[in-house]
Amino acid sequence: MRILLANPNMTRAMTDSMALLATAAVPPGTEVIARTAPRGFPYISSLAEAQIAGAICLEMLAEAPPVDAAIIAAFGDPGLVAARELFDFPVVGMAEAAILTAVQLGGRFAIVTFTPAMTPWYMASVAALGMGARCLGVITPDDRQAVQVGDVAHTRRAALRDLALGVAEQGAEVIIFGGAPLAGLAQDLVDDVPAILVDPIKAAVRQAYALAGQGARPKSRLARPLAKHSTGLAPALARRIARED
Amino acid sequence: MRILLANPNMTRAMTDSMALLATAAVPPGTEVIARTAPRGFPYISSLAEAQIAGAICLEMLAEAPPVDAAIIAAFGDPGLVAARELFDFPVVGMAEAAILTAVQLGGRFAIVTFTPAMTPWYMASVAALGMGARCLGVITPDDRQAVQVGDVAHTRRAALRDLALGVAEQGAEVIIFGGAPLAGLAQDLVDDVPAILVDPIKAAVRQAYALAGQGARPKSRLARPLAKHSTGLAPALARRIARED
Amino acid sequence: MRILLANPNMTRAMTDSMALLATAAVPPGTEVIARTAPRGFPYISSLAEAQIAGAICLEMLAEAPPVDAAIIAAFGDPGLVAARELFDFPVVGMAEAAILTAVQLGGRFAIVTFTPAMTPWYMASVAALGMGARCLGVITPDDRQAVQVGDVAHTRRAALRDLALGVAEQGAEVIIFGGAPLAGLAQDLVDDVPAILVDPIKAAVRQAYALAGQGARPKSRLARPLAKHSTGLAPALARRIARED
Amino acid sequence: MRILLANPNMTRAMTDSMALLATAAVPPGTEVIARTAPRGFPYISSLAEAQIAGAICLEMLAEAPPVDAAIIAAFGDPGLVAARELFDFPVVGMAEAAILTAVQLGGRFAIVTFTPAMTPWYMASVAALGMGARCLGVITPDDRQAVQVGDVAHTRRAALRDLALGVAEQGAEVIIFGGAPLAGLAQDLVDDVPAILVDPIKAAVRQAYALAGQGARPKSRLARPLAKHSTGLAPALARRIARED
Amino acid sequence: MRILLANPNMTRAMTDSMALLATAAVPPGTEVIARTAPRGFPYISSLAEAQIAGAICLEMLAEAPPVDAAIIAAFGDPGLVAARELFDFPVVGMAEAAILTAVQLGGRFAIVTFTPAMTPWYMASVAALGMGARCLGVITPDDRQAVQVGDVAHTRRAALRDLALGVAEQGAEVIIFGGAPLAGLAQDLVDDVPAILVDPIKAAVRQAYALAGQGARPKSRLARPLAKHSTGLAPALARRIARED
Amino acid sequence: MRILLANPNMTRAMTDSMALLATAAVPPGTEVIARTAPRGFPYISSLAEAQIAGAICLEMLAEAPPVDAAIIAAFGDPGLVAARELFDFPVVGMAEAAILTAVQLGGRFAIVTFTPAMTPWYMASVAALGMGARCLGVITPDDRQAVQVGDVAHTRRAALRDLALGVAEQGAEVIIFGGAPLAGLAQDLVDDVPAILVDPIKAAVRQAYALAGQGARPKSRLARPLAKHSTGLAPALARRIARED
């Protein structure tokens, strides 16, 4: 089985660390193929950036070798609904996978991340799934300044742990550490927080494995868009939309 | 006052007819500046196409001359939320404007359009506004084949009128004729259907006029994304995202 | 074009200041006709008072000269749904117009007003539109005592600004200053609060202009109540209900 | 115990038959005091009429002798929320009581009534309680013409039974016969429809009995509106609002 | 009339005090028949315990003498939906009855109880009724330790009063004291809290009286499960499920 | 890895066929341990039966050997929430897993099953997840008679295929064949229905694999119920509840 991990951010180091975690979480014989966005942003942190990166992500999926499932590896899931319509393999979103994992593990959940700049984008993922009533909120430090995302899991570790402790006290049975830069933090804090901790990368790759090989997407499905001519798109994406592949 | 009408579709004739209707609906002294998508699709009809066209639309807005408000002139509102985050003038979506007009005119509304291919995309607009309980549905002919969108308001006039009559009987007090190719149909059928009929172009340009000059968007607003470096984007859009303009 | 501004409160000075703001916000050639409630309350501040004032407001609309649209000029919109059913011109509610303006300007909004006595009534407007998930709440000073509504925008200016600042920090992208006595405050505080500020009077008159001339309300519409005999009502209202006009 | 049955309609015969049913449904020693609206409409059938009748109903409650609870005896509950705010005894709505009875008797319910003119008003009651997901709809004959409400339970008996049968087949476990003119029909059809049938009069008077004597409404309650001066209201209502009683 | 009060907890003293309160709240001639769970838990305080106790409660209802209505006398309503499906008399839940009483008495309500361990279970009752938007939350002391439930209404009286005062200040018009051990507290605090206070026992028995004798549950109803063979169940319950009674 | 498949129905043949399908869907080295309910019902088909079987299912989980995850193998998920609270391994529900799989594969889904008797129970699963807006309904043959569940996938194959075809035409992008007796039907009909077909067994075992090994459930988690003494329960379940294991 081959799973595509498409990082819509341009930061290669982030892709590498996610791929490492993902590979460790799938059964032997499952290959994780990682791709980094060739253009766009070092790190997406707004709905506007997600609109652009989502379109780039469709290109990445169109240009990839044949796979059994794909992951859009940015919490916030840029391009997710579009990708599902367009491709004939299952597509998993990192935020959606984490949230659906969380609701299967406990009653109410919270999302902890490193900057309030993410809050509107992450809340949009919660709302899109209709999980507002199960979610205690996106919990972040107050600081709105730009952060060095690369090492934020280390530099803000204590603050993030305290936020997780606080929201567990308020009733969150499950806590998601949201955002690619927090990959691995759930594992790191497992003994420190009296709640169930979810790592979105792990959640996403496990969902990709779960969906691959079931729920076949027949080309005949009525919800598949009709073939369409386009202008000025990346060639692979244009071919996909024209149903020439 | 200057209002940008950005058509995310590539069909210039459609832009022209929408601009004509829009100009007729604003007070003297208000200028409607129309732009047609330079790349993308002749006519967007899926969520996948909307993801791509939404990103193109952000470029169109970034490249436009200074305006007081902008309209994303495709029912389904590609890029709407992203545009609001990014620009310092109000941005109106054609579907959103039509729906918010409808709920101010009566109790329950329906959307009538010419092909079931649009249904998932249009329902997504209804759901995004939380108006599912007010909406009797997207009503379309059964035929799933590609249509010549250019003259569909004429070729399918009788069928669309009958659909509108039917849904009025079922309790729709207001009916939106959705999709740019149906521009003008509401006016055309006003004596034939015992309901209030909404034309999305007219609704959108009136909302653009309404929003321009109120609800100033201060550059200091906390919800404005931080300046961000990008790679490979259209120059005007990159400058906008970098806050260099 | 003629727009009726019907103030369901009895305070003439409030009507005058609202009419001034409204006139300034419409294009030349649009006339704002203002009316003050002939009976009822100096200033409505409960759901009970709104039930009564809403019925009085129907009389005011029935007695008015022919207009192209009407505004029910009390935040909370007494009689709005009833008026829409009864009259053949569009009717705008001040709270509804402000809320629908807010959701077109940003993601989440809050309503700031001067007394907690308003909270249940204003939240009812939010709930009636199904916008609970977009609204951070009605934010008020703690003080429950009766206030001199006439000059509250001045006497409580600092407190209201601080409340607006606080809720902007908590994630409100748009802030509505609710209640006729706060007319003009949005303009006054535009440089002090890092959020988009909405003035309900301006929002309402712009929506009235937007709705007039589109969405014609045919007398044949099925949702129009049947003619009905009544007893003891104001003569103009009775004639309207009997469809004798 | 004394329960006020306030009929916001002017039809005395309807009041009498409702009072008879209500008296039969309360324990001995409970007195039902019936009042008929002194002005307004023979039979309310729209939201506009309900706005007016709701204000009249507040007068009726203010003018009544001391009671332990009151019923607003029109399906649709004109003035209900306002009355609860204003008076210090519990107030029951006929539609609300029937719906809350229905949800305690089974899973999904439907409302059957005699004319589609009622649908928007009755659906508003369902929506106000947030029970849309439990309700299969308001089921009516197609005929929109005015009906002689007085004897509709007899003249349309077969049609109403067939509608009830049909919606039971579709999954309604509980069926409410809505509207004062259908009082007694639930009892009449109990052997004909394979579902649980609810009579709103009976439901309302039983809820009034249930609420009286529990949930005391202290005058000190914070949600009670402040005393307010008014102009031109019925004297008893003005005194109530001024807290002079 | 005979009303069964089935306490799914094993604590007989709790049953006795509830039966006393219930008997005082019904009209003369209404008999309250009390039963205590023969197995299970001294006091249910989790969803897991409610799953088990709910099944035991079905046995208790099957084994009871003929009644006109039954109360499941644990806040949280273990087995309520199942019981309604199975039995031909109305079944009332203590939490559901209290919540539906609260929403008939005022706008927004809160539930005050003695330990945060109850919060998830009680919130599930609110959510099951779709009353999340009306509910300000379950308000409890912080202390998570096991409590002596028997006398908690006395030992924690001051703390519970202060919680009620606080949530009334925050806008709760109605406050439910949740949990059988708080029976009687609403009466005790009526002069201390500026809100409407609801006692669940009283609410439940009044609802049982209200439902008995209306909404007859015909054996022919389509929602009644088909007769079913079972193995290893308590004999009376097995007979009930097999429709042998 | 060891996954427990607990069939709350007593039909061993059903367990065997589910275990076969499950084993085929997990990676080598993953063991599926199947258990059949020792008491209860041949086949659960109501909410009442689910209440009882859910409690039995907790016993089955308590008595099982150590596992990494468990599946409650009845569509409708009896005892799911309770099991999650009680056990320290992840617990998967067949309906919940199928629904969460469906929403990751497309926009709107439907559930097709063989008898309308299941509708209320299956709709309860949809509602519990808040997925009502995504679900087109539970689609079944009209026939309410008891069916031989053992071979229903064969005897009703054509009817079920036609129902699936019909709901795909109405807009269902994903179709779940609900109920253990339909195991395998999704695979069987994959070429006949123009939609994505989900098999709940496969969905459940894949989710169990996905959840096992992530989202560790620390014994310290605050949402874990306190140790509790019980009377008359199955010994293993009593020990679990007493935290003696």
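Should a chain be cited, it is by its letter among A, B, C, D, E and F, assigned in written order, with residues numbered from 1 in that chain.
One rule holds for everything that comes next: contacts are C-beta pairs under 8 Å (C-beta built on N, C-alpha and C of every residue); 3 or more make two chains touch, one makes a residue touch a chain.
Quick caveat, the model's predicted, so the values are computed rather than measured.
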Shared touch partners for subunit A + subunit E come out as C, F
Please state whether C-E or D-E has more C-beta contact pairs across its interface. D-E
Please flag the chain sitting at the greatest distance from subunit B, going by CA centroids. E
So, in whole Å, the Cα centroid of subunit C is separated from that of subunit F by 51
Hey, how far is the Cα centre of subunit C from the one of subunit D, in Å? 29
Compute the distance, rounded to whole Å, between the mean C-alpha positions of subunit A and subunit C. 43
Note: subunit F residues in touch with at least two other chains are 81, 107, 120, 133, 171, 173, 222-223
Using the touch rule from the top of the page, what pairs of chains touch, sorted by label? A-B, A-C, A-E, A-F, B-C, B-D, B-F, C-D, C-E, D-E, D-F, E-F
Can you list the subunit E residues touching subunit A in their complex? 116, 119-120, 127, 132
Quick check: in the complex, which residue numbers of subunit E touch subunit C? 107-108, 133, 171, 173
Please give the residue numbers of subunit C that touch subunit B in the complex, ascending. 25, 27-29, 81, 84, 90, 92, 96-97, 100-107, 129-131, 133-134, 168-169, 171, 173-174, 190-191, 194-199, 202-203, 206-207, 209-211, 213-218, 220-223
For the complex, give me every residue of subunit F touching subunit E. 10, 38-42, 45-52, 54-55, 58, 79, 81-83, 85-86, 117, 120, 124, 144, 146, 222-223, 225-226, 228-233, 237, 241
